[in-house]
Amino acid sequence: MATLDPGIGEKFSRRTKRAINHDGSFNVRRRGGPHRFDAYQWLVQMDWGPFIGVVVLFFGVLNAVFAAIYLLLGLENLPGVTTPRGAWQDFLSALFFSIQTFTSVGYGHVYPGSNGAGLVSSLEALVGVLTFALATGLLYGRFSRPTARIHFSNTAIISRRPDGTPSLQFRIANQRSNILIDLQARVLVKTIEPGTSNQKYAFLPLERDAVSFFPLSWTIVHDITPESPLYGYGPEDYQAQDVEIIIQLKGYDDTFAQDVHARNSYTHEEIEWHRRFIRAYEVDDDGIAVIDLDQLHRTEPLED
Amino acid sequence: MATLDPGIGEKFSRRTKRAINHDGSFNVRRRGGPHRFDAYQWLVQMDWGPFIGVVVLFFGVLNAVFAAIYLLLGLENLPGVTTPRGAWQDFLSALFFSIQTFTSVGYGHVYPGSNGAGLVSSLEALVGVLTFALATGLLYGRFSRPTARIHFSNTAIISRRPDGTPSLQFRIANQRSNILIDLQARVLVKTIEPGTSNQKYAFLPLERDAVSFFPLSWTIVHDITPESPLYGYGPEDYQAQDVEIIIQLKGYDDTFAQDVHARNSYTHEEIEWHRRFIRAYEVDDDGIAVIDLDQLHRTEPLED
Amino acid sequence: MATLDPGIGEKFSRRTKRAINHDGSFNVRRRGGPHRFDAYQWLVQMDWGPFIGVVVLFFGVLNAVFAAIYLLLGLENLPGVTTPRGAWQDFLSALFFSIQTFTSVGYGHVYPGSNGAGLVSSLEALVGVLTFALATGLLYGRFSRPTARIHFSNTAIISRRPDGTPSLQFRIANQRSNILIDLQARVLVKTIEPGTSNQKYAFLPLERDAVSFFPLSWTIVHDITPESPLYGYGPEDYQAQDVEIIIQLKGYDDTFAQDVHARNSYTHEEIEWHRRFIRAYEVDDDGIAVIDLDQLHRTEPLED
Amino acid sequence: MATLDPGIGEKFSRRTKRAINHDGSFNVRRRGGPHRFDAYQWLVQMDWGPFIGVVVLFFGVLNAVFAAIYLLLGLENLPGVTTPRGAWQDFLSALFFSIQTFTSVGYGHVYPGSNGAGLVSSLEALVGVLTFALATGLLYGRFSRPTARIHFSNTAIISRRPDGTPSLQFRIANQRSNILIDLQARVLVKTIEPGTSNQKYAFLPLERDAVSFFPLSWTIVHDITPESPLYGYGPEDYQAQDVEIIIQLKGYDDTFAQDVHARNSYTHEEIEWHRRFIRAYEVDDDGIAVIDLDQLHRTEPLED
């Protein structure tokens, strides 16, 4: 069986988890060294909920700090604030002034009435506009990042061609209505050398490894011919060798005008035997092909 | 006839509309599943009229909501508003204050005079600056999206070469004054298997499938030699087999500094027989080649 | 002589100017049809002087229009403006208020005191922030557009190799300190068929058609062997056939992280005969190679 | 020994420093000519410390200039400034007003009370918003610039394969947790022709010149077979010929969605003889591969 490490590693001291998770990430951790934490990437890739939380928290904390500075200077530096009415109310008054400065609203019913307040509020105004400049870039970065939202069938199947050849199949569809062009697939299989935790890799030749367009669904097929590294394997071999089917997709996204990539894998537990896919699209009365993404996973047993 | 599904699908339960519309879209609909609605892409790709409508509507509704909140708090929280003069005038006063906060103008003749108003206006100021940060990204996204504005002749023609070989031809020109580099064309034909609604595809070899530059027009020619999948077909064959000529173009845009793509198709109804194209450019007195985009579609009958 | 139209056109009714100008543009004009004027591209590609002029003009005109509207409404709608003191002073007062609204400064010593003024100023504030959102995108678009600033020698030369083979040479250097990677050159020659105005093209094979890095200068060399389309030509042939050497360069810019392209051409008037280039770089005391861009054009006669 | 100048230059009047520094830069200087200073690139590529310094300096100087103009006009043009109290206090008052205008805070307790002040403050407000538009683009440009943070082992080693073949090896790891796809390596060796300062180049064939993924580390290996340009060389040959191993890496960054490049080199002083690398990753209890970046450099002597 030909082997070619795709960069995931061959020799391990013990068994590893699946190489690639369903979200395309690797089961790898970094330690020591000059590891870079990239705040921009972290903020661009996090989900919207946490992102809004970070923004609000950052906005709140920064303004609370500036409010505290105004309090330390003394509220008499901020004419327009009504006479002190207790610590909490004073803090709120300073906080509101801070926010009005930070966002550059600057109503002016409260204003900096001393050099100290003038200096701090000048600094805060600068920090404010630069913060929103940053936020602009972050929001644009979040939106404009091209990501392929490719929907994979939940399982791969071992099916059979009309001529009797067994084949490994899985199916993909585009979750978004953008068009992917020249979509290419590369599939390889990872196995464990029996009795060791060493990993071997082999490419699986595909019936068709690229499509010009990808408007509907695409069933990716590897014929298990005698040349296939999976030839003659039964379910127990898949389990014994910890088989993992690794998929790499690459295409050009016509709306983002950039190449996009997707990765996924099927472990031996995610392979159904002796099944076939049910067609996931039909033609409606207007002659429009309609794909049903819920049907993407639907398989049925092969008749014998 | 060689067949190669370019990803559009081969087996259909009934006849479909043309595969590709003149704007490059596919006649496909998505249903069910985790279909992603991508607000950013929707806003970036919509026309300018609707886009401005969405912006104004969003701005209006959001400020009306904040105005309603100020009204609920009571206008006595907004010193500077002249004594209440009826519900409509009160709403307008609250709306103007809201807009002055949202856009961070903050004249200050009206200002938040209570903790409640201070809090709401602080929040609104934050929402406002973030909204405009978003708008910045959207506008940039709209403008910087590279799109090839390639103008196709309205019809393809069946013409004849000087040596008598019949050929399928169509003509393209660049609507914009930017330069496309290394423009590549790929043309295929979709036919219906007679008596079924199954589709077959075949690539059409071209006289020249790429040009280094694209300043003028380009006549794309497929010679209908005995090897051509269209050899010997007459107009009635084109109709019976529901012929559709599918075109995919790809080039590098020198001003956007990115690859751009274009798609189009001609159905059998959009093919003119026994015609030839009239030259669409001439050289003016300064030695400048002038292309007339209106002439791009002009054909004349072949003399026999 | 092999011919291959690179997309510039072969058959012309009369002689055309050079195909490519020194700035990489083509001598082509567009007429009629749905020609797209692309305001964004126009603003992104114009020089800085005119660009700033357009910005200031736009800012001035838009604010003058809004000032006129405030005047039409009546300055009594803008409390804080001191009693009317003549048309010019009134206009200036309205203009300053307009600018304070447009830029969202909003000092508030003048403020909208009626529904009419409230509405117009709300609209202006929205237009203002959206305008600056647009300006942000334009400025970023101007700066982030990758352009290769490749400096070409003023002339190409006909030189001679040590073994006596004549060769066509020209020299390029990078004007910027960014690094170009995998820079590729493609050179072709355009000739006129004697007695006609038809154009022929042929690629010129190069001694080396790519370099991995481009930190210094690169002398691009075409050996005029018997296989060369220029073999045996003298200066009078170059003139009679209106020879133009067309150059296309492509590389990856390491700082913009994008491919960049450059074009240029030498007409027969820009070719020096029987010269060679003088080396344009030396090594200083620190072992640093120093390239002198002024020397790029320096040639000397060949000794015979 | 085959030679192929990768664009670094072959003929030099004296010895040069290493071709490529550890940060990927070249030891080249530019002089004369229309050399372009690219302010945007300078600001985008500088470190964060100096960048913030430039921003603060720019903000300070510009506002000081505007403050000076307001002082020249006379503070009586800025109603709200309390009666003059000495030059320093006057300057501060003008400076605070300037900053409030520049950042479009515009509290309004100080406001332009004459045509002169109105004009200058209008201009300053425009300059201010455009400056922050610029800053937005700069910040986005800094963050969104894809850069490969590839960590190279401090030294290359001359090791030995199980079958006894000597080999040149070095090791790389990804400092960031982003995924690089289809990472390609190209390695060449630069030598000095003995007795001259002329440089020769040769590509070094690699055991494997690309990996599909790059989650862990990658040991890049050149077998020193009889075909290798380094065959038979000992440490003294490396020194005499001033050997430099030049590495060029290229891959697709899945988070930036763009190609990234990296360069590095090892001089003969950075090559360790007769060593081998110690494995830098292990599998933890969860089956996760853990790479220790500190171990990347760890080598041990070969047992003989």
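Which chain is which? They are A, B, C and D, in the order written, and residues in each are numbered from 1.
Assume a contact is a pair of C-beta atoms (placed from the backbone, for glycine too) under 8 Å apart; a residue touches a chain by one contact, two chains touch by 3 or more.
Quantities reported herein were computed from a predicted structural model and do not represent experimental measurements.
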item	value
Homomeric contact chain C-chain D: same or different residue positions, threshold half	different
Matching chain pair for B-C (criterion: over half of the contact pairs shared, by residue number), options C-D, A-C or B-D	C-D
Chain centre separation (chain B, chain D; CA means) in Å	38
Whole-Å gap between the CA centroids of chain A and chain B	27
Junction residues of chain B - those touching two or more other chains	100, 104-108, 136, 140, 258
Contact graph of the chains (line, ring, star, complete, other)	complete
For the chain D and chain B complex, residues of the former touching the latter	104, 106-108, 136
Residues on chain D engaged by chain C in the complex (per definition of touch)	5-9, 11-17, 24-36, 38, 40-41, 44-45, 79, 100-101, 104-108, 110-113, 115, 118-119, 121-122, 125-126, 128-130, 133-134, 136-138, 140-141, 145-147, 186, 188, 197, 248, 256, 258-261
Residues of chain A that touch chain B when the two form their complex	55-56, 59, 89, 92-93, 95-96, 99-100, 103-109, 132, 135-136, 139-140, 143-144, 149, 151, 173-179, 181, 183, 208, 211-216, 218, 252, 254-255, 257-258, 279, 281-284, 286-296
